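Each structure below is given as structure tokens.
Shared chain: chain A. Partners: chain B in the first complex, chain C in the second.
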Partner chain A sequence: MRTSKIELALLALLGPTVAFTAHAEVYMTPEQAVQVIFPGMKMTKTSTTLTDDEVKLIEKLSDEDVRSKKLIMWRNSSGDVVYIDQVLGKHEFITIAAGFTSDGKIKDIEVLEYRETYGSEVRRPAWRSQFVGKTVKNALKLGKDVKNISGATLSSLHITNGVRRLAVTNEVISERHKQ
Partner chain B sequence: MSGTSSKIIRARPHLGTVVRIEVAGADHAFLTNAFNELARLEKIFNFYDPKSALSQLNHFTLNNAGISAILGVRNPELNELLTLSEEVASLSQGYFNPRREGRIDLSGIAKGYIVDKTVEWMLSHAPNSISGCVNAGGDLRFFARRPREVLLRLGTSSNAVSRRLKLCHECVATSAPYAYNDRVYYQGARRAHAAVVQARSATIADALTKVALFAPQEIVRRCCDKMSAIAMLFDNRGELVA
Partner chain C sequence: MRKIVRLNCLQVAVSLALGLCLQFSAVRAQAGEDIFGYVYTTDMMPKGKYEFEQWITDREGQAHGYFHHIDMNSEIEYGVTNNFQVGLYANYMFADEYHNSVRGLTEGIEIPWYHDANSPYEAGRFDGLSLELMYRFLNPFLDPVGFAVYVEPEVGYYEQSVEYRAIVQKNYLDDMLIFAANLWVEPDREQNSNLVDPLTDNTPPNGAWSTATYAELDLGASYRFRPNWSIGVEGRNHNEFRGYTLAQSAQDHSAFFLGPNVHYATQKWYATLTILRQLGAMTYVQDQADEQYRGLLYGDEHTTWDGIRLKIGHPF
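Now for the complex of A and B:
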């Protein structure tokens, strides 16, 4: 009797099964993200196109495919920069803003849009080290620099990979000005 | 930038997932500070960061550094969570276990704790009354106002179902054994596909998902009674099994 009462009580907590629909959420615009990452700074929107050689170099150093040669970024006169980029996971599509200070260190990462095609949201005992303060020289690779106990969620894994590619991209673009 | 009257939602990669904070009554600068507080807490409990307070504690413990050295690294949050972990471990007769290979690993409870502490920080630092939700990839805590129900997403990516869950408490945690690469965990929990626990704190909800997945029903019931929690187990079709 006790068991059946408990089961009935638990069933009362559940509503009907609903068809799974893709989850999509827009958190902020790129302009808002730029202001959040570098508050009060005057940042100017700009874009650049990577050369074939730069793409090859970025892919080699980051171990990540460069899907778009065109980069959208916001810069200020001090050399701080925010890249707006898209990360494609197996089941999700994520737009991120990644801010770098003039010395190449990651200032902050902000998720602008998160869209799942389908999937389940489960918690995993995974840890992500802080991105903040990392540079391209820190490798920034899951399992090496950004540690996880037993596998990150897909989304955080893909964000980590995307940020690593952007850290390399930022260094490659910085080299342009030195030449 | 939005003002303080409307609801704002932000998401950042933390805790191995995307942490989403929704708040009404605060601005972006406040939310940035809330994420910074969350990041500060994340650093304390990072099992793999040798600089974390938890790693220092493990280092001193493994090297028999003496009680004064061990107590020296215990910051208030680490101390509090260790005490809570021991309570759950004792009540669950070890089915919740914060120890791994001689070291303390709080990853089965710390995510919920960090959600709780971030909410506490927000409530105590808000210039006016706020309401909202912190969601760390399935560990949720509503504050000031809670909806009547939330959507549970269960199943693997190729077989996902959603169910509406009526809320009795502010906190909900979901845990699924297939998310663990640890074979022992996975095999031990095969009878259920996912556990969902509601509780008054995200810390307890988080820890009890592990108890619900791995412990016999009698122990799960005792833990839930003592901690005013509700535990539910689902199969891979999203059907309630216990």
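Now for the complex of A and C:
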């Protein structure tokens, strides 16, 4: 093996990078999140696919892109529902659960998976509690009726936008059931 | 001739161990995450957080012979507040050069003035320390554009300078597409290299100091095409002026560089690789024109690949 001193120096600096590995931070499963949001309630997993018209309506009303037409949700006979969804983190997707009562109010939100370097403060109950009781009629916008977490701005912003999109989605899905 | 080092398994193991110590020792840290090699963004570290960042910049190839020049920067950064961070760099370099200049001699970038231009040059040295101060006025996630200012004084045996940089950032597509622009100016005082004008100057080099002002516009675009991965492009327009002025009458040259980048980031570390090639240069004085070869400018500053930069960051 022949190499120069420069290549030797590069080897010294680059070699150890293979020692770094990422690991996922999974805080709860979707089933656990459903039970945390609606404790003791019998919820049934189901899924549905949004139509093109529904996607357009949701994007128009929420001002957010719909990344997936397929919705994963848990429902009960009273009309309560929990959506499991993903929003963009800085590096990876953040998995969230958003629960709505039958009258469209946010029951609670949970962060199921968070794998970002910073910003895990979005899991704190004090921040998540800002969403409780709000409906699609609220702004659900960071800096307006949802406070930013300084130092975790991107995660705060994308989760807030995701919850707003899900609130609108819940209204659209509810209209389906009324028809 | 180029010196060759023979490595055995023990030497490789020692190199890896040394690197491991360097990356995980008391100086573990990194800057706000760099998605570009050369263009800075307004990304900041949260209050109270540290990062270690290692930069390796290979400036490769001049007119003739061979030219390998590697600049190393090891940095610790700290978030004083969520909008103000400080950092400390250690700067050092390795060089391996021979008959590289336009006139086919061993001369140019940071080769000491007393070095024999007919001999190969191979060296490693500590260049000095840099202090970084960065303040963000506008956050691209909350405001229409991000805006930050950056000041970096450098003190070294061969060079002293202060860099002033304005940083603008605009995000699109749910923050997956990022544009950034930097405008920076750097008054600089440095010890002369052993380069002489190939056509007109028979004056032997000496250890005098010269002054110059560098001004540069850097532009970059980066798109996150899948989780953890971004690709992009970045470009530099580098300008040099004689003395402490930005007057057009004092301008030596204007050089252009362009190339791709790729960025990978996880919770624990990130890496960014940028490869810039010199596209060409405009010269405004004869001694600069004399340092051009096949449309590219070399002299005591630039290279063909200028440069190939790898950044590795680790927050803690």
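Methods note: the second predicted complex is superposed on the first by the 133 of 179 C-alpha atoms of A that agree within 3 Å, B and C clash if a C-alpha of one lies under 4 Å from a C-alpha of the other, contacts with A are read in each partner's own complex, and residues count from 1 in each chain.
Note that in this section a residue touches a chain if its C-beta (ideal position, glycine included) is under 8 Å from a C-beta of that chain, and two chains touch if they have at least 3 such contacts.
Just so you know, these numbers come straight off a predicted model, no measurement behind them.
Colleague: In the overlay, answer first, second, both or neither for which of chain B and chain C A:Glu110 touches.
Modeller: In the superposition, A:Glu110 contacts chain B only.
Colleague: Who wins on chain A residues touched, chain B or chain C?
Modeller: After superposing on chain A, more of chain A is contacted by B.
Colleague: Quick check for you: in the superposed arrangement, does A:Glu25 touch first (chain B), second (chain C), both or neither?
Modeller: Both partners, chain B and chain C.
Colleague: Could you tell me if A:Thr160 is touching chain B, chain C, both of them or neither one (first, second, both, neither)?
Modeller: A:Thr160 contacts chain B only, not chain C.
Colleague: Tell me the contact category for A:Lys45 with respect to chain B and chain C: first, second, both or neither.
Modeller: In the superposition, A:Lys45 touches no partner, neither chain B nor chain C.
Colleague: Quick check for you: in the superposed arrangement, does A:Lys56 touch first (chain B), second (chain C), both or neither?
Modeller: It touches nothing on chain B or chain C.
Colleague: If we overlay the two complexes on their shared chain A, which of chain B and chain C does A:Asp65 touch? Say first, second, both or neither.
Modeller: After superposing on A, A:Asp65 lies in contact with chain C but is clear of chain B.
Colleague: Just checking: does A:Arg176 make contact with chain B only, chain C only, both, or neither of them? Give me first, second, both or neither.
Modeller: A:Arg176: touches no partner chain.
Colleague: Now for A:Phe93: first (chain B), second (chain C), both, or neither, which partner does it touch?
Modeller: Only chain C; A:Phe93 stays clear of chain B.
Colleague: Share the list of chain A residues that count as touching for chain B in one structure and for chain C in the other.
Modeller: 6, 10-17, 19-21, 23, 25, 90-91, 118-119, 148, 150-153
Colleague: Any idea which chain C residues touch chain A in the complex?
Modeller: Within the complex, chain C contacts chain A at residues 2-8, 11-12, 15-16, 18-20, 22-24, 33, 45-47, 49, 54, 56, 68, 70, 72, 79, 82, 94, 96, 122, 124, 139, 141-142, 174-176, 227-228, 265-269, 271, 310, 312, 314-315.
Colleague: Hey, which residues of chain A end up touching chain C in the complex?
Modeller: Listed in rising order, the residues are 1-6, 8-17, 19-23, 25, 65, 88, 90-93, 115-119, 142-143, 148, 150-154, 157-158.
Colleague: Which residues of chain B touch chain A once you look at their complex with the stated criterion?
Modeller: Listed in rising order, the residues of chain B that touch chain A are 1, 9-18, 20, 28-29, 32, 39, 42-43, 45-49, 105, 107-108, 111, 136-139, 149, 151, 153-157, 160-166, 168, 173-176, 178-182, 194, 206, 209, 221, 230, 232, 238, 240, 242.
Colleague: So in the complex, which bits of chain A are touching chain B?
Modeller: Per the stated touch rule, the residues are 6-7, 10-21, 23, 25, 27-28, 32, 35-36, 39, 90-91, 94, 108-111, 114, 118-132, 147-153, 155-156, 159-160.
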